[in-house]
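Read through the structures below before going on.
Two complexes come next, and they have one chain in common, subunit A, joined by subunit B in the first and subunit C in the second.
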Partner chain A sequence: MRRGEHLAGWLLTLPAAIAFVALLLLPTLAAVTLAFTDYELGAWPPAWIGFDNFREMWTDRGFGQSFRNTVLYVAIVAPASVLGGLGLALLIESAARGRMFFRAVFFLPVVSLTVAMASAWQYLLHPTIGPVNALLGGLGLGGPAWLSSSDTVLLSLAFIGVWEAVGFNMVLFMAGLTAIPKELREAAAVDGARTAWDRFRLVTWPLLGPTTLFVVTISLIRSVRVFDTVAVLTRGGPNRASETLLYTMYTEGFTFLRLGYSAAITLVFLVIVLGLMLLQTRVLDRRVHYG
Partner chain B sequence: MLNRRTLPLLALVAPALAQAPTEITVQYAQPVIFKDSYDAIAAEFARREPAIRVNFVTTANYEEGMQLILRQAATTLAVDLSYQGFNRLRLFAERGIAQDLTPLLRAEGDPAAMGYSPTMLALGHFGGMQAGLAYAASNPICFYNADLVRRAGGNPDAMPTDWPGMLALSARIKALGGGIEGMHYAWSSDDWMFSALLFGHGGRMLSENEQDVAFAGPEGLGALRLLDRMVKEGGMANLSREAAQQAFAAGRLGMIFWTTAALRGTMQQVGRNFELRTGPMPIIDEQRGRLPTGGAAGMLIARDRAKRDAAWKFLRFSTSAEGTTLMVRNTGYVPTNQLAIDEPRYLAEFYRDNPLFQTATRQVAISIPWYAFPGANSVRVTQTMVNQQARIVEQQATPEVVLAEMAAEVRRLLPRPRG
Partner chain C sequence: MVDAGSARGREGVSAGGALRLVVLSALGLLVLAPYLWMVSASLKPTDEIFRATLALWPETFAAGENYGRVFARVPVAQYLWNGIVVCGGILFFQLLFAVPAGYALAKLRFAGREWVFGLVMLGLLVPPHVPALPIYVGLSAVGGLNTFAALIIPSTISVFAIFMFRQFFRAMPDDIIHAARIDGMSELGIVWRIILPNAWPAATAFAIFSVVAHWNDLFWPLIAVTGHERATPALGVLYFRTEEAGDDFGALMAACAIMTAPLVLAFLVAQRRFVEGIATTGLKG
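Showing the complex of A and B:
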């Protein structure tokens, strides 16, 4: 009996296990292997070059710039979209009317296709015929060339990134808010938490801990992953001012055909994402739960 | 096994076997531009070669076309004939994927008599072999908004023929105000438009033996200084190429310098917004000045004998005088077959009805191949050049500084002789 159950268990997990091995584990291992070769698309066979790809990465100014750009992008988008999402969730939650409407409006960017939305942004931010600069011109201000000037391009992309992520975070926070019993806030009011800020600080914020942790992690990972807007709007330009990790990985691998080097960048990217997840599960998870 | 009963049967089957269609797969990029031309050619080809069936595979752009073939080269090659950008052919020749077409051409007689002039053959000659046959060629031209030129006091029928004149006109157009820009030079896609400035000064990318850069001299400096003057004197705004095209179509940009390949699309975008005209590139050096040739060439991949023969027949037809005529009528590219250029029965009528397309054809005489860099870093080199030019357009560095750094970076990316 026991043994039969045991076997059934294995059989039931088999499809998922096969999918995991074939679609995730093997490709990842293949990428790890490639990272230590000089493999180029169309040039066979590749040779083992040990850590040369990583050594090159260390001195490659292009990669360095791309890494810095990504860090800056994440440093803008993650906090702004987390705080923005929280603010929107609180505002909508406390609204007497129109909850559904505002929730839908702010969630729209999440469900729409990034590539299509990028084209809309391209028009909005067009230096000469775009509405944004037309508006600024009407106010007597000269607008910059948002997406083609190296001073503003990363900021513009970050703004689009926030716009895209804030609705997603808002929905997560709203789910977290509904899980907090109303009685707790009422009790706090009775106990002397007079202002809304006090009640937020003493009740809502601590109880939102697990949600916030999840939102922060997912925002970090999502913003490290930025690719679509870069590929569609700027192609990393001008002069690499908006090149990010994934875009560099893509151009190295598929434009410059250096799959080995590209795989090495993938590995760095993988380490960053795994590091962020580890941070969530190991370090922070312990501190935010109320048992 | 053969006996009296099966023999007649075999006699019945044999002709059918001989007629069994050979299927070939042909890949080309940019269906938006090329689909009509390939469809027209395939229809005519089907009439002439009923035993060959052509299946098309398309990729959105040249880059994806290159990736497709290279990926297949690592697994199984399913494409028999591929039309690639001129500047990519070298890579396929160096990686042993493209086959030398010289023996096939010779077998058919004198190439020149078939319309394959040495100039046109040179467009597909890389790595010491005829890696491809030019299918469609283009060169850079000037698109301009005749209405804006008039408003700025210029004469659209007699545009300036040199850069100082063009830059002054650009500044006057920009001075009209109201968000109107003067000009855009399409420097940001790849090295093509830079090579137009370099070749225009009579310069070249690398030395004869391809061991060192050759653009770091006075010609290269002249090219970058000109780019600098476009910003300083012509008031060229920092626009991406797409943004510039959009502004041009909206009637907010006076002139745009880019490939004639964009002509059909631009005509559709502009519609009746304003009067669109085209003109030749301003002359830089009357004697030594040249222009780069863009476009696509067909390269033969199939190894299987039957498929190879069939693919060659299609390639041969698509680049013949008849094929070129169909291509020109359906795209607006420059013809690649000399017979189609020389003999009026092919295209004279088309050019009479479509004068905007004549500009590029007139520049063929001074057009030379788009230089393709050797080695594994060839694509990286072109990106480096674009990145360096961005510093001039953004006025972050002087042409002198940019030229020195561009030369140093490109040198680092050239293949080192193995020893």
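Showing the complex of A and C:
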């Protein structure tokens, strides 16, 4: 090992290392520690209360509701945006005409300001002046109060979530599809895979395995993080019907200033995210291996 | 429909090809609907919006009034400027930290390198919402909230960027570096004169990803900032909604259109780079 190289290695890594420790490592450890205290902003010093925050969470009906809402939201948004993204990618890649145009159209929500587009959706879904209900009324159907009824609010937010995520997944699938050699599908056709469905089932789908696993994981993690649309459109309401994990963490921590409890919710959130990543590695190790 | 073989007609569009275009167009309209109605409502007078007609084209134009009300009530230029400063500041520091570190991890042998890389991989697992709380406490303790620093500093370290640049530099041939060393160039000289100029493709992809993420972010600005002075575009829309707009959907849609426009326009100009930038950096999510 040359001395200059050794020194340069450390010099070049040092700024990043300092920032990493100060802005990521220590704060994360602090968040984990805070989760076991009763820390409230302004009340120093906090007391160590062990698992009390987690016990409170377990009995807190508000948190239970928030947890269930998040699970339901993820259960809708992740599968719908993965399947939708796959469908769009296959459809767009199946011919050359309009490929660039449609890719741009479906990708547009990814680069758009979520807060603003959520507001646009709120106008579209407005119970009295919204075009969606005007259209339904024109067809003789009465539309629900989408974002202001506790029956439909989560569904409406999930719809906006799918709208936002589907183009992102589409692009990832398109990248995966272009990596599959065309000759393989042609060879399958020669070998008797007559219909497009057969060729998809026998060639495209298995070879798309690693991409799919990646897209599924990323969709799960991104939808667990739902925050913007909730904070802007519903603030968890009506009646906590759209309260989600990160929004509860935000209100507990930054509205009620119960930072200990908020940190405990953050820890639950972190464990869920880590669990999803672990699941991905497990599946990756076991299933998706091709030469 | 699923692959090219069945969809290719001899002349013009086959039945399958036509179906593909019809389906894609219908779905495309659904995706574009909020944009179309947003712009449409931003051009209509309030009474026309409240009549809930399905016509996209306004009967009377009130663009001047709607956009005028936005500019009169909230500091739009300030929001946009704040957005530029924050995104630019974050990107600058992210690259400043990540490019040298990525290079060192890829090409230099030094004691503790594997250890540092292990930490980077560990850092990839932690979403930015987790350290947010203690960072907020720290900033509030030193009176640092409501500043550009509060908006920029927490995002300056991107382990993902370090990881990405490491992968990028690893693919670079060693010969160039060896040749430079033989020519007597110092290690830092190599970074400045050889590595940086070659890092552009990765830096562009990362820049697009970073700017999109932070321009659109609401979570951290909502925590770190109160008041208009340091509000980012996302916060600006939120403030305008809660403080000014009420039922004034015309002006609200105008505000939304203004704040969405910069990134959407940039995307339309550099479509391919955007899609590649997000697809290659999609890992972070």
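Going forward, the second predicted complex is superposed on the first by the 270 of 291 C-alpha atoms of A that agree within 3 Å, B and C clash if a C-alpha of one lies under 4 Å from a C-alpha of the other, contacts with A are read in each partner's own complex, and residues count from 1 in each chain.
The working rule: a contact is a pair of C-beta atoms (placed from the backbone, for glycine too) under 8 Å apart; a residue touches a chain by one contact, two chains touch by 3 or more.
Computed from a predicted model, the values in this text were never measured in an experiment.
Chemist: Applying the touch criterion given at the start, work out whether A:127 contacts subunit B, subunit C, both or neither, answering first, second, both or neither.
Modeler: first
Chemist: Once the shared chain is lined up, is A:145 touching subunit B (first), subunit C (second), both, or neither of them?
Modeler: So A:145 only meets subunit B here.
Chemist: State whether A:254 touches subunit B only (first), subunit C only (second), both chains, or neither.
Modeler: A:254: touches subunit B and subunit C.
Chemist: A:41 contacts which: subunit B (first), subunit C (second), both, neither?
Modeler: The answer is both, since A:41 touches subunit B and subunit C.
Chemist: With both complexes overlaid on chain A, does A:81 touch subunit B (first), subunit C (second), both or neither?
Modeler: It touches nothing on subunit B or subunit C.
Chemist: Give the label of whichever partner, subunit B or subunit C, reaches more residues of subunit A.
Modeler: C
Chemist: One more residue to check, A:280. First (subunit B), second (subunit C), both or neither?
Modeler: neither
Chemist: With the two complexes superposed on chain A, say which partner A:244 touches: subunit B (first), subunit C (second), both, or neither.
Modeler: In the superposed model, A:244 contacts neither subunit B nor subunit C.
Chemist: Looking at A:156, would you say it contacts subunit B, subunit C, both, or neither? Reply first, second, both or neither.
Modeler: In the superposition, A:156 touches no partner, neither subunit B nor subunit C.
Chemist: Please identify the positions on subunit A that touch both subunit B and subunit C, taking each partner from its own complex.
Modeler: Correct list for subunit A: 41, 123, 126, 128-129, 134, 254.
Chemist: Spell out the residues on subunit B that touch subunit A in their complex, using ranges where they run on.
Modeler: Contacts found on subunit B: 63, 67, 69-71, 73-74, 91-92, 95, 97, 179-181, 188, 237-240, 242-243, 246-247, 250, 252-253, 376-377, 379-380, 383, 386-388, 390-391, 393-394, 396.
Chemist: Under the touch definition given earlier, write down the residues of subunit A that touch subunit B in their complex.
Modeler: Within the complex, subunit A contacts subunit B at residues 40-44, 122-123, 126-129, 134, 137, 145, 147-150, 234, 237-240, 251, 254-258.
Chemist: Contact residues on subunit C for subunit A in the complex?
Modeler: Touch residues, subunit C against subunit A: 1-8, 13, 17, 20-21, 23-24, 27-28, 31-35, 37-38, 41, 49-50, 52-54, 93, 96-98, 100-101, 103-105, 108-113, 116, 119-120, 123, 125-127, 129-138, 140, 153-154, 156-157, 159, 162, 186-188, 191, 212, 215-216, 218-219, 222-223, 233-234, 237-238, 241, 249, 252-253, 255-257, 259-260, 263-264, 266-268, 271, 274-275, 278-279, 282-283, 285.
Chemist: Report the residues of subunit A in contact with subunit C in the complex, numbered from low to high.
Modeler: 1, 4-13, 15-17, 19-20, 23-28, 30-31, 34, 41, 88, 90-92, 94-95, 97-98, 100, 102-117, 119-121, 123-124, 126, 128-131, 133-135, 138, 163, 166-168, 171-172, 174-175, 185-186, 189, 196-197, 199-200, 204, 218, 221-222, 225, 227-228, 231-232, 246, 249-250, 253-254, 259, 262-263, 266, 269-270, 273-274, 277
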